[in-house]
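Presented sequentially are two complexes of chain A, the first with chain B as partner and the second with chain C.
What follows is the complex of A and B.
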């Protein structure tokens, strides 16, 4: 089956800055994938290339089986909602009406529901909206478009916790009813962790991790306790980091734990905590070598 | 029946009907009122036509519409699944349609102007000497060409600004002045000002309209070339 998104050796260079280099991954459909990385990692550039807004310097991009750049047939099946979206001098209802023209699967009822839920004033000019309201407008358009490939770039920037929860709920409900490929870049990985089927981590323009979230959960554990006991516990295992403070050591080790490991940890009075997706993404970005994580994921 | 992608771009831009349909004529009406006031305050003289320039407001606003059609509206269009080429064709279609309709408004205004003796005060508001002073069909053609020219010229400026920011826009403006200066230097070097003067005096309004139409084609080509590699 053709993947919804297929990127091979993708690079984007701006004079002296390499925004993306040799990025290769595929995302099937239906799927909700998280695109994670630090500021300036290349997330927005990647999404812009997928949405046909930016040009690649090298490599190949396929969305729904075809090159998206200047391809109307593909572009009308993609929506890209950006955090820094520039809107025309229109009112909220006009922007929604404009977006509805472009998408054959546009859901006017969902748009109306979201406008109400986010308390968006339909007759207010967009330039007079607060940052959170502009974000909510982007979310409304992104979800109501029901595009087969939905790209969200930091979709909840400026939204409060209540509004973010509303977004997660709406996204999940709509995705369940209308499965499709949704790729969202985010810094709040743990908050969105329950939604994500897959996680793609980029750092300094390079792909450092691409894995199913179910495979990643439990692949790394933080072990905390007396230094000697921690050292004994992690002996022979791959560690991502070790930090000793006084007599206590905190080590992050890779590898799934079995019942004997847990029994030993209990015996040694060690505290075990599974790494969250956010922490895994941070480690992947720091190490630039996901092989340890992916090896553990495979084991 | 669903509209074509180009039709959707036209509809997208016309979501803001007030700006694209009413604003030029609101400014034209303002210019009309100002001209009336000025004519009331100044001596009539012996001419049977009192030329005024208020109609220029409508043409200037159309230039601004051209800028607006890409400076603000383009990034959102690209986000909602429109390609650059389709957007360009949509905006150009809108420019042509508006120009044809606005040209008709000018022609109709000339008709009313003639029927009312220049609004009862010999005012030539919809007529411009030499340019828009012939039969109705010629005025229509010339006005429509002027409208589309100003729209696509504004659009090209908007595209340059979106692609290169203020520095690029300044260079673009300066480059045009540079081309004119170079042309003047060449004509001077070839001692060709007599021929230029003869060409200008011999040029009919229809001939000028043809030159303006050629300029439209150049600007469309330049605008599309600018848009092709534009990123948002």
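What follows is the complex of A and C.
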């Protein structure tokens, strides 16, 4: 089957700046994938290229089997909601009406439900919306478009925790009823961790990690305890970082633990904590070398 | 339920919780268990994860699929779960208890005393065999 999204050797250069270089990955459907990286890592550029709003300077892009750029047939099956989305001088209901014409799978009932849920004032000019409300409008359009490829760029700006929870619940409910390919970039990885089938991490324009979230679980662990015992426990393992406070050490080690390791840790009274998805992403970005994590994933 | 908690993958933990409900009779034999979609919404997890937990239960023969209707608790599921758990009881609970007691210098008599005290205060019919 053709993957929903497929990029090969993708690069984007702006004069002296290499925004993306040699990015290769595929995302099948149905799938909820998280795109993670620091500010300026290339997330927005990547999403814009996938959404046909930007061209690549090298490599190949296929969305639903076709090059999205200036390809109207494919663009109607893709929705991209940007963090800095600007709208022409319109009222909320006009923007929604325009979107309903653009997307063939548009669900007017869902749009109405979301407008209510986010308390969006239909007659207010978009220019006069607060940041959170503008974000909510983007979410409304992004979900109600029900596009086969749904791209969200940081769909959180200005949203409080309650509104974000509403977003996760609506996303999940609509995805369950209408499975599709959803790629969302986020800084709040841990909040969304359980929703994500997979995670794609970019750093400085390069892909540093691409893995199923289930495979990543337990691939790295923080070990805390008396320095000598921690050293004994992590001997021969790859460590990502070590910190010492007095006689106590905290080390982050890569590799799965088996029941004997856990027994030894219990015996030495070491505390073991799995890394969160966010921490794994940060380590992947810092190392520029996902081999340790992906090797652990394979074992 | 979060990504890094110990206790294995999320799907296994959800399967465990469902098995607990079957074991303690919250969901009786022949009753319908929650669907993939209901589980995904309830635990706020990816539907693929929720589907996997149901597959675990179905592979263990604890639930049966009735086409077009849903998953139902299989006949004898509760009894089998209870038997399996009895077999694991010593490993899971008694051994760690003995190890920690030895570490703290709690002797056999004292330990048995503590267990008896606890038994007296616990409602032993919870999840019981009665």
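Here is the rule we use: the second predicted complex is superposed on the first by the 299 of 299 C-alpha atoms of A that agree within 3 Å, B and C clash if a C-alpha of one lies under 4 Å from a C-alpha of the other, contacts with A are read in each partner's own complex, and residues count from 1 in each chain.
Following the convention adopted for this analysis, a contact is a pair of C-beta atoms (placed from the backbone, for glycine too) under 8 Å apart; a residue touches a chain by one contact, two chains touch by 3 or more.
Every value quoted in this text rests on a predicted model; they were computed, and no experiment measured them.
**Q** Is A:77 touching anything from chain B or chain C once the two structures are fitted on A? First, second, both or neither.
**A** The answer is first: A:77 touches chain B but not chain C.
**Q** Touching A:104 in the superposition: chain B (first), chain C (second), both, neither?
**A** Touch status of A:104: first partner only.
**Q** Quick check on the superposed pair: does A:193 touch chain B, chain C, both, or neither? Answer first, second, both or neither.
**A** A:193 contacts chain C only, not chain B.
**Q** Figure out whether A:14 sits in contact with chain B (first) or chain C (second), or with both, or with neither.
**A** So A:14 meets neither chain B nor chain C here.
**Q** For chain A, which side has the bigger count of touched residues, chain B or chain C?
**A** B
**Q** Kindly list the residues of chain A that each of chain B and chain C touches, one partner per complex.
**A** none
**Q** List the residues on chain A that touch chain C in their complex, please.
**A** It comes out as residues 32, 168-169, 172-173, 175-177, 179, 190, 193-197, 213-214, 217-218, 272-277, 279.
**Q** Touching residues of chain B toward chain A in the complex: what are they?
**A** Interface residues on the chain B side: 2-3, 5, 8, 11-12, 15-16, 19, 68, 72-73, 75-76, 78-86, 229, 231-232.
**Q** Give every residue of chain A touching chain B within the complex, in rising order.
**A** 48, 51-55, 70-72, 75-82, 85-90, 94-95, 97-99, 101-104, 141, 145, 147
**Q** For a test of understanding, state which residues of chain C touch chain A in their complex under the given definition.
**A** Contact set of chain C toward chain A: 1-6, 8-11, 36-37, 40-41, 43-49.
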